[in-house]
Amino acid sequence: MARSDGRKDDQLRDIKLTRGYQDWPAGSVLVEFGRTRVLCAASVSEGVPRWRKGSGLGWLTAEYAMLPSATNTRGDRESVKGRIGGRTHEISRLIGRSLRACIDLQAIGENTIQLDCDVIQADGGTRTAAITGAYVALADAVTWLNAANLLKDPQPLSCSVAAVSVGVVGGRVRLDLPYEEDVRAEVDMNVVATDAGTLIEVQGTGEGATFARSTLDRMLDVAMEGCAEITRLQAEALALPYPGELPEPKGK
Amino acid sequence: MARSDGRKDDQLRDIKLTRGYQDWPAGSVLVEFGRTRVLCAASVSEGVPRWRKGSGLGWLTAEYAMLPSATNTRGDRESVKGRIGGRTHEISRLIGRSLRACIDLQAIGENTIQLDCDVIQADGGTRTAAITGAYVALADAVTWLNAANLLKDPQPLSCSVAAVSVGVVGGRVRLDLPYEEDVRAEVDMNVVATDAGTLIEVQGTGEGATFARSTLDRMLDVAMEGCAEITRLQAEALALPYPGELPEPKGK
Amino acid sequence: MARSDGRKDDQLRDIKLTRGYQDWPAGSVLVEFGRTRVLCAASVSEGVPRWRKGSGLGWLTAEYAMLPSATNTRGDRESVKGRIGGRTHEISRLIGRSLRACIDLQAIGENTIQLDCDVIQADGGTRTAAITGAYVALADAVTWLNAANLLKDPQPLSCSVAAVSVGVVGGRVRLDLPYEEDVRAEVDMNVVATDAGTLIEVQGTGEGATFARSTLDRMLDVAMEGCAEITRLQAEALALPYPGELPEPKGK
Amino acid sequence: MARSDGRKDDQLRDIKLTRGYQDWPAGSVLVEFGRTRVLCAASVSEGVPRWRKGSGLGWLTAEYAMLPSATNTRGDRESVKGRIGGRTHEISRLIGRSLRACIDLQAIGENTIQLDCDVIQADGGTRTAAITGAYVALADAVTWLNAANLLKDPQPLSCSVAAVSVGVVGGRVRLDLPYEEDVRAEVDMNVVATDAGTLIEVQGTGEGATFARSTLDRMLDVAMEGCAEITRLQAEALALPYPGELPEPKGK
Amino acid sequence: MARSDGRKDDQLRDIKLTRGYQDWPAGSVLVEFGRTRVLCAASVSEGVPRWRKGSGLGWLTAEYAMLPSATNTRGDRESVKGRIGGRTHEISRLIGRSLRACIDLQAIGENTIQLDCDVIQADGGTRTAAITGAYVALADAVTWLNAANLLKDPQPLSCSVAAVSVGVVGGRVRLDLPYEEDVRAEVDMNVVATDAGTLIEVQGTGEGATFARSTLDRMLDVAMEGCAEITRLQAEALALPYPGELPEPKGK
Amino acid sequence: MARSDGRKDDQLRDIKLTRGYQDWPAGSVLVEFGRTRVLCAASVSEGVPRWRKGSGLGWLTAEYAMLPSATNTRGDRESVKGRIGGRTHEISRLIGRSLRACIDLQAIGENTIQLDCDVIQADGGTRTAAITGAYVALADAVTWLNAANLLKDPQPLSCSVAAVSVGVVGGRVRLDLPYEEDVRAEVDMNVVATDAGTLIEVQGTGEGATFARSTLDRMLDVAMEGCAEITRLQAEALALPYPGELPEPKGK
């Protein structure tokens, strides 16, 4: 059975990375995987949370959220409900963990990089799109920190980070599921990988079904190919100059 | 003293209204007043809140929020803080009240229109931009309801709604203040008006200063001129066809 | 059509200001506008909120609340609900802003004045009664601060502050609406003014209706006359001596 | 050592019960024990909480709270903190339990009586004053229910309820402690009793000290005498007619 | 009528005290009163809450909670509800107060002892079981503090603390009520007493009934006998050596 | 380098499964992996959440929590903080998802099975221990439902579920990490598998490091062997009869 959008099973959706989407944050990227659109901002602030003060280490953390109007049926606003749901918590933690894997927190000194991933429109794969976009925003924030003379080491990023979803739909392993496939998937997996082809995070879940080890292996193969292609698109986007005004060096 | 962006005192910033910005809501408009950008979505759902059931009347309500990355210095996320701040509450109520003034809730039957105004980038005047954009999103939602055959009266909107800020900066009455003027303003006023030139809401505040009745009168003159111009831009934007796919009539 | 309580359209209800209603706060005033009764307390504490420390400036803030038993139908307690509603937030902010307009925060040094306006009985106009009573409580707190030798400048109040509501009911502009008129009003406005006849805050709202500029002008005329009369009553109340025991000078 | 207010050890403070303090609730009583002033309102509503529906039984519950300005040093507002403290919870539960002991919930049918005890000024013994005042407000609410023809049995109250505090201060058993004695007390006890001389609740606590059984016995003697006197004052207050307008009978 | 478990009216259930139930806290005791099982842990941490810093005094506080699965019908988890109920608050405060009565907070220096009483299985009398177990855990924590050389005075405990419930069931005064008797009790009382036979806390409540002074006296007699027996069991349990590894002395 | 507890790299800790640990829930199991101890209860209630009513399907959900005293350093109580942390949310969701994979929700009719996993003592691997114990509690609850005649199909469990952690410590792949290894691990993985050798969930995370695909493969091999052994222990435990009293059949 063909995919509704005509893609091959191991083919990504159209991916766009628009840098400099907002004017104020040090990095701001609109990432699109087909109709999925996530705004990823990297804000820099001096200082670190209290429990980290005096350590000489910086901090990087992430918050994920969805606009109420991002989904097919409007979702309730978590600020109005007064509590953050489990899914939101889980994804925020995943994004933070994934990006911390590529940065040397010693190199950024006692500064904090806050990643905000706000889903403007959801059509499956928002968490992996968020990680993909957040990496590009983070790279811009590092350029900003460098210009501001706030880095102890000018190369704090040890690798690049890309992520993609893969799943089993109707018995077939498919890459980068849109919502319509996601709800029907028997197995669902998110893979976060580096430009060196190593892994940062693998999360595979049987959705009301269990899966064989061989299926897991096949999903990993497809996802890692996908990540390699996304890595190429990130590098392409980052080959262009910083999309805004860089700060003056501090402490000079 | 000239304005930093070269405008005349009674001149608006560049205003853009992009309809169909998102795919799922019945109305979705990105409104821009200079660098201020607000995403206004109008979502339709069947049914009304419990306290209104059986009344035969529909309901319209609004929620305003700001992305953490929208401001010059990153703001904390209200969902993470677990409570909505007073300013957010106040603006959400203002938007809802302003738009309820133009719609006949009997005509939409027991359906709810939810307006979500999410600030993507803030540079002063977000609440008046939100009202301006929300009206256009609402007009699209009404077209959608009409196509779906959900209206009791095909013309539920009795007027159009536009809003603008005006203030006194350095002793001069100025229209449509960007953030940089807003923080310095001695008096700050928001005016919501209709295409008939009548008023829906007037809120004027001395910011650590008091103001004469004559100043108030002058601010009203300038703001009402501004609203008339915005009304013209809204009509222009709405002259184009509905920017998406309309639903099939229900109950046929 | 005559008013149910026999008043003329531009006539205030009976207004009483009882100073020294409570024993502990530096200022404590029970204000009555007809059946509306609000207890306004001004508490002084040394120090300022963290974000203001070291500025040399004092702080003034306000909280408004309603006893559950204050209204015709019992209201839920916000402490039990665990969150403050939008209306409460909005009024608290309005009271704080209005009173900050009359005080020189430099003159009070790094001290905080907390205004608490608790509605004992509600019959319309609670927010404007609260502002009116809070000014008198604030004046008493200033006397207290003076006696305690805590002021840098013995005259920190630059003006007095009075407030009143005005509305359009059945097509007639009426002053100081009780609840029974308030629910029927087509337009509702709150005006905060000084003894110099200048304005601090103007908030006018069409309640399911829009209003002409000329109506707004007429409402302002009536409200400003009302404020002038209330100002006279405040001065009269404050002409009597401080209603309690004054503190010993500090730092002597 | 004499008491600072000149009272004998087993003497009550001046107690006043002002009925009809507010206009809207079915019962509203301002109770004063010396400088302690608590506003007790009894509001009647049709229906019962969900877990009690269809039982044929009514419900009575209580909420206690303190105005921020009621105490010597201003207290934080629990609605602002977003949670009710343990002390508030504890006292609310005590008041509800105490008053439920005197009422036949079958007799009031599926109606709810909500008691609100708001402390206007605190000077020790607020919880026992609240119980004392709440009983009188409850008696008025019962009169109101009777007039409204909402009772299944016209005499739902089986006894009257009075409460007082007693403590050991400087080794002496003293009745009705003001704040100044309360903070110094070695033992603190609250006793709730009926007009029949029976007990509803006894709560005695050593405050950083333990106490002998004989001390407990002596405290009970003194407290029960105090309750008898308070019972007399309640009866006196209730001998006067209902202080407002009674409702028309329902269902006629 | 005989008791369902065959006990005499003034007889305790089987009581077990298992020290060293957990490995990490300084004291950890599983206390069993029949089927009621409460895990009591005493954790030591350096420092005291902010409001107590620099006082030279230590602090002791308690938290009580129930596992959802501890009760006959599963209870909701308070962390999920987002707020602690009144009953939980009340019992936590009672435990803390009771244990603070036996310890010299000066002797433990600026250290905090946190008592956690988590109900594993509930069958009546959980709060009195918790106090009984918490005392034994506290005694172990004191031994731990002594070994760590953190005490200013090696004997900070001035007495031991035991607690038991007593009630009137079917007109008979009965000791140590299981759930099945508790729900039927006309009067319910909790008594906290020391090994010297003095009282720390007495809480007696008529449950929909009132009670005579003579009944109160009889309940106290029975409860104090019960506490004496529990005190003996605590001493027996504490006669064995400390059930874990003691810390090395600090500051040597 | 040898493991501190002398185990081989691919060896499990001592695992114990104690059924019938509590008296009230339909299933109650204390599971121990070395010093890690988790109490897993399965409570049955009639009915399903609102969003599922009328579907004919049952529901299974899980909540995970840690006693404050379970960890080396006492943790704050989430009920006191008023919000559930991200980690708790994440693990609760994982447990629920894992167990839903083995049960036919149609077969249990519109009944709910609530799994509560409360960590009594934490020493690494609490989430996988919880899943392992929860399966055994679930199996007992199914026996209970069968006895009560509440199942539509007497065999609703399609497989058994076991879970274990695996990690890379000092470059070596090790099974079932205690806390001391867990904090030092470069890679951390949790695997949930069935008795058929298929997978339910795989979550692998680089902790400040990335990992090769070959490492992932080796970890999976070791973890799946571990799960097979745990599955054997679960079967052994469940071979004994139901550890309590079974209910009478309903609806007969």
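Observations, loosely collected:
For reference, chains read A, B, C, D, E and F in written order, and residue numbers begin at 1 within each chain.
Simple rule for what comes next: a contact is a pair of C-beta atoms (placed from the backbone, for glycine too) under 8 Å apart; a residue touches a chain by one contact, two chains touch by 3 or more.
The structure displayed is predicted, hence computed values, not measured ones.
Listed by label, the chains touching chain B and chain E alike form an empty list.
Fewest steps needed to get from chain A to chain F, stepping only to touching chains, is 1.
Taking each chain's centre as the mean of its CA atoms, E is the chain most distant from chain B.
Among the other chains, F has the CA centre that is most remote from the centre of chain C. The distance from the centre of chain B to the centre of chain C, with each centre set as the mean of the Cα atoms, comes to 30 Å. Mean C-alpha position of chain B lies 50 Å from that of chain F. We define each chain's centre as the mean of its Cα atoms; on that basis chain E and chain F are separated by 32 Å.
Residues of chain B in contact with two or more other chains: 82-84.
Chain-to-chain contact here is organised cyclically: the chains close a single ring, every chain touching exactly two others.
Moving round the ring of chains, first from chain A across to chain B, one meets them in the order A, B, C, D, E, F. Listing the residues of chain D that touch chain C in their complex gives 22-25, 28, 35, 39, 41, 43, 45, 63, 65, 67-74, 77-84, 88, 114, 116, 118, 120-121. Within the complex formed with chain C, the chain B residues making contact are 83-87, 89-90, 92-93, 97, 100-101, 159, 194, 196-206, 208-213, 216-217, 220, 224.
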